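What follows is chain A paired twice: with chain B in the first complex and chain C in the second.
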Partner chain A sequence: MTKSTSLWQLRIRRFRKDRLAVVSLGIISILLISAILAQVIAPYDPASQRMSERRLPPGSPGHLLGTDGFGRDIASRLVYGGRISLMVGLVSVGVGMLIGMTLGLIAGYFKHLDNLIMRVMDILLAFPGVLIAIIVVAILGPGLYNVIIAISVFSIPMFARLTRGATLSAKEETYVLAARSLGAPTSRILLQHILPNIVSPIIVFATVRIGVSILNAAALSFLGIGAQPPMPEWGVMISEGRNFLYTSPYIAFVPGLAILIVVLSFNLLGDGIRDALDPFQSD
Partner chain B sequence: MEVKKITMKKVIVAAIVLLAGLLITLPTLANDLSTLVYGADSDVQGLSPILTNDRVSSNVTDQIYDTLFVRDWNTMEIKPSLALSYENPDALTWIIHLRPNVVFSDGTPFNAAAVKFTFERLLDPKVAAPRASLLKMVDKIDVVNDLTVKITTKYPFGPFPAILTHGNSEIVSPTAVAKYGNLMQHPVGTGPFKLEEWVPGDHITLVRNDLYWGNAPKLKRIIFRIVPEGATRVGLLQTGEIDFTDLIPTPLFATLKDDPQVTAVAPLGTPIRYLSFNFQRKVFQNLKVRQAIAMAIDRKDIVTALDGLASASKSIIGPKVFGYDPTAEAFGYNHDPAKAKALLADAGYPDGFTTTLWYGVTGDYPVVAQVIQEQLSKIGIKVELKGLDWATFLSATRKGDQDMFLLGWTNLTADGEELLYPNLDSDNIGGANRAFYSNPITDRLIMVARKNVDQKVRLAALEAANAALITNVAWVPLYDQLNILAYLNDVHNLVVNPNQSWILKDVYKK
Partner chain C sequence: MAAYLIRRILILIPTLFAVTVVTFFALHSAPGDPASILAGPEASAQDIANIRHKLGLDQPVINQYFRYLWKLLHGDMGISLTTRRSVTSMVLVRYPNTVRLAFASILITIILGVGGGVIAAIRPRSILDNITTPIALVGVAMPGFWLGLMLMYLFGIKLRWLPVAGFTHPAWSWGGIKDIIMPAFSLGFLGVASVLRLTRSSMLDVLGKEYIRTAWSKGLSEWRIIVKHAFRNAAIPVVTILGMRMGIFLGGTVIIESVFAINGVGRMVLRSILTRDYPVLAASVLLIAATFAIVNLLVDVSYSLIDVRIRYD
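The block that comes next holds the complex of A and B.
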């Protein structure tokens, strides 16, 4: 008889077979470590200007990725910018997920609240995400923290809809009926029986959503309504590099490439997790 | 078989549509020698000189309408245009003799009644003209005869002829106003060109006015093509799709300089860029704090950050403006961070303080703001940047929400009075005086420059006011703007004036 394998071991084994997802996880881990250790890794203060060293090309001595229009080290700004992007992605998705999941659970389980909650969510979904973000920023004023709030707000309806759908089918399952007939309180049914069984699609969605949030935050900062200079946010860096596209294209290209790689990594990681968690996936 | 026939038809229709498209676009190409295409950074507000007050609109209206006088930028003298001469028999009276045989592009004769009509309309509170203040000293306007106007002012007003060179005093056709209500969509003036079509958000086409009183313009058409992004305009210029453009991002100027097809120039202009304070804040009422900030600024770094395309200045009134005196620079403060720190400690802030710097996110301002933030951090002042969109910035600073702010002023009349009075006189607190600056001494000097008709006295008063304002650090002047302009080599006679305006009637392509 072979040694039995737990479900999680099976899932991890399946995940490890997906090379793209593993590479993505590696990239995200590097981003995470460099974000935590930014002070140690970055050779320069990301905001300090040296007018005698403006627009040095990548590979210049002391400046691996060159310098921008103010003589600031691009590599240092990239590392600190990674910290900001990761923070925006994690916090905004975390908040959006928490609120959205709660609303979704309530809507899915309590029939009389379903219509009210989901129609409000439908209204939010009817607006393009960036438009909602611009409205929120117009009310609260520009700045990174308001962008986080804005992105959280437009993540809420998506999480709510996903959770509600899963809850609707889970609540008809026999284990829920069993718990209910044994007299379990509603809170226990929701948190201990339904939630653990519907969490997989939410995790997958959240992973992909982090990438989208980073992209949206960069877009809002590029438009000047997100992170404010001299913050080394990647969208701000692209916006400032725009005028140098003809003469020093790397100033905008480097942060652009960073956004591309990070967002792609989160998407591929999300795909990998989905395949690993899918019970119908052949081993 | 049936299916094939339809496909053939579709191909023919598509070919016809494509061909028609090509034919429509062909005449708008820049290589047509009688058409000049300008790359504009935004659409106009409208085409009435009375109801608009922004650079983009006046770029167009200046080609459609004429002022009574014009400034000769070489000699700085006031020259005739729609008016031939003026006399002022006493300090309150200006008699203006008009040019005969001039008609508006709709055939209406230009005469004293048209001048009276235009100025009274500009002053009419019901019209609510944004620059009604331009003529606020006017008491009454009388038609003496068909070609003579007598204007009486409420008090002696020295820069009066200079004001009549200002774009907002361009003369409009009274019959056109009666017909259309206003001229925002239907401009009718006496100028070298008239409106052919305006497609909002896309382009404006002007066509030669055959009734123009002066030498006939060499160009047949001018197209103002709206292309908001600076880098895109540069690309269009290099591929020959537009003939000229301005407001070019400074890093791209060098690219254009290197292009053998393009002429790129950057003459010194009247616009001044400055840093100032909200004098309602206690910390900035302390002269030592203001001096410390002035000494913390290194203008050399600012000019470098702008790719050398700025002229560092310590004088509020710039070299291209009446009232400038080269010795004024000596009243300014030189870069001296050590002394700045000492002054700050003396003022009671040995560890500096935290404050905000407000600016509009447009043009050079975001770059300059970041350089200043860095320079002030070196003397311990921690600056939080507040970059706002232009309209929000203007209204917020008018209310006094800012601590420090970054702004500029383009002197259209090139008379220092038109810089000091709106921006630094206590009359205009709550208006253009965003510093909330009030100083009885300089108020008095500015009043002398305003209410005197002797130009020598006015010059002396402006020079004295300028020196006092610099010493007192009402503003920290940073630099005078260079008016960057780039055009294809086959464009001739195109000149950018120090006040950023340009004249297109003598331009030709060869």
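The block that comes next holds the complex of A and C.
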């Protein structure tokens, strides 16, 4: 007799077959652990400057990835920077998803609010994404927390659009009709019947958005309107390394490579989750 | 077609109107008093009040908006709070550089993305096809500003093949082309990946169709089949994504212009945020958003040129 497998077991098995996604999950887990244990892992204080140890190349004794223009240990700054990037990615996508999903559910379910909400979203989408973030930063002023708000704002319309589309089709399903005819309140229909059935594409999209948000936050910090020096944010580190491009290019190279690896991991993880959740994917 | 074009241009008007509303009211709520910035640190309260009155800043905000809109329609975008020059002239000097960068980037995306996608589709499982997916994945995840710096280091500093910064030559000269290669590649490379994957899958779809088999059996040349029969039919989704890319590139000019010290609208956006020069910021944002809206219109119109079955009347 064969053992029966649940849907989730099937999905996890499918996910585990995707080697790239598993490696990505591993990298993200390492990032998460190093972010939590930054104080323990980082060999030096990320802000402590040693003028006698300026611009040591990678591989120097005691400084695996070298030191920057102020003699700060790049590896330690990288570990602390990972904490910031992860926080920015998770918080901004979390907030954007929560607000966007709520608006999308309302727009998809209540016909009379659909036009109003989606037209406002269309106006937001009429601006190139970075520009929205820049307007928000212009109003609130430069700084890491304002960048998180800015990035949340420009993820809202995308989550709203995605959720609205999925809600529109889910609301015509018979299980929703059944719930409604049993007299279930609207809030329960939305949260317990519709939401669980449309949540997979939203999760996949959110995973990929975390990577994009980390990228955008680093870009804004690089431009000087996000995290401010001496914060060990990866974009700030690249911006500081830019002044030493002629003599010590690794100062800018290392944090950029870190961004590349982390964003790539989130993208591949998103792809892996999508394939694992896809019921039409062959096993 | 003409009727459709007119309708689309008419839709453009409320879009642009909404953009002016968002930028005006968003920036109006920003901290800082333009009149006292313009008057300078040593001005008296009376001076500031005079400037405020002259600029209409003592009026209700809704009146200020209509005044702004009225001036805008007459080509007057106000006075810069930092340089005290006309914003319109400042923007117009820099706009061509930004457009040049955005178009060069889209050109790079088309050459590498569409070209690579077509080749990958007609030679599936070839070396080129196999390396495109990893390049595509890395391309999406790479920070453009970092790519710019690394290219600058390699080709500007180490090899000395290309200039490290600025547009210093006329656009249509060899020097001008060398000026733009690295900035355009830094911006365009991010788009190559998605365009390439889409072109490949769209082409593979079309190449399996019966009319392609018919074309082969008629003995047409491979070139003719690929360009005229297959690519034209595969192009619609590709054009759509290229249009979307253009929006991302227009936003991305803010970053790349700053990396390569290009004197464009994007760099002006950044400087105006740091100096709280709101008239300049409003004008730059408006111009970029308007360009994006017009590009979207052109994309929609181009559908019917690519696929004659699409009619809008």
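The rule is simple: the second predicted complex is superposed on the first by the 282 of 283 C-alpha atoms of A that agree within 3 Å, B and C clash if a C-alpha of one lies under 4 Å from a C-alpha of the other, contacts with A are read in each partner's own complex, and residues count from 1 in each chain.
Operating definition for what follows: contacts are C-beta pairs under 8 Å (C-beta built on N, C-alpha and C of every residue); 3 or more make two chains touch, one makes a residue touch a chain.
Values in this document were obtained by computation on a predicted structure and should not be read as measured data.
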Which superposed partner A:70 touches (first chain B, second chain C, both, neither): first
Touched partner set for A:229, first chain B, second chain C, both or neither: first
Partner chain(s) touched by A:142 [first = chain B, second = chain C, both, neither]: both
Partner chain in contact with A:93 - chain B first, chain C second, else both or neither: neither
Partner chain(s) touched by A:242 [first = chain B, second = chain C, both, neither]: both
Partner chain(s) touched by A:264 [first = chain B, second = chain C, both, neither]: second
Contacts of A:118 with chain B and chain C, given as first, second, both or neither: neither
Greater chain A contact set [chain C / chain B]: C
Residues of chain A contacting chain B in one complex and chain C in the other: 142, 224, 242, 245-246
Sites on chain A touched by chain C in the complex: 123, 126-131, 134-135, 137-139, 141-142, 211, 215, 218-219, 222-225, 235, 238, 241-242, 245-246, 249, 252-253, 256, 259-261, 263-264, 267-268
Touching residues (chain side chain C, partner chain A) in the complex: 15, 18-19, 22-23, 26-27, 29-31, 137-138, 140-146, 149-150, 152-153, 157, 247-248, 250-252, 254-255, 258, 269-270, 273-274, 276, 278, 281, 285, 288-289, 292-293
Complex contacts: residues of chain A adjacent to chain B: 47-49, 51, 54, 69-70, 142, 224, 228-230, 240, 242-248
Chain A-touching residues of chain B, taken from the complex the two chains share: 230-231, 234, 249-252, 254-255, 300-301, 304-305, 361, 366-367, 369-371, 373-374, 385-389
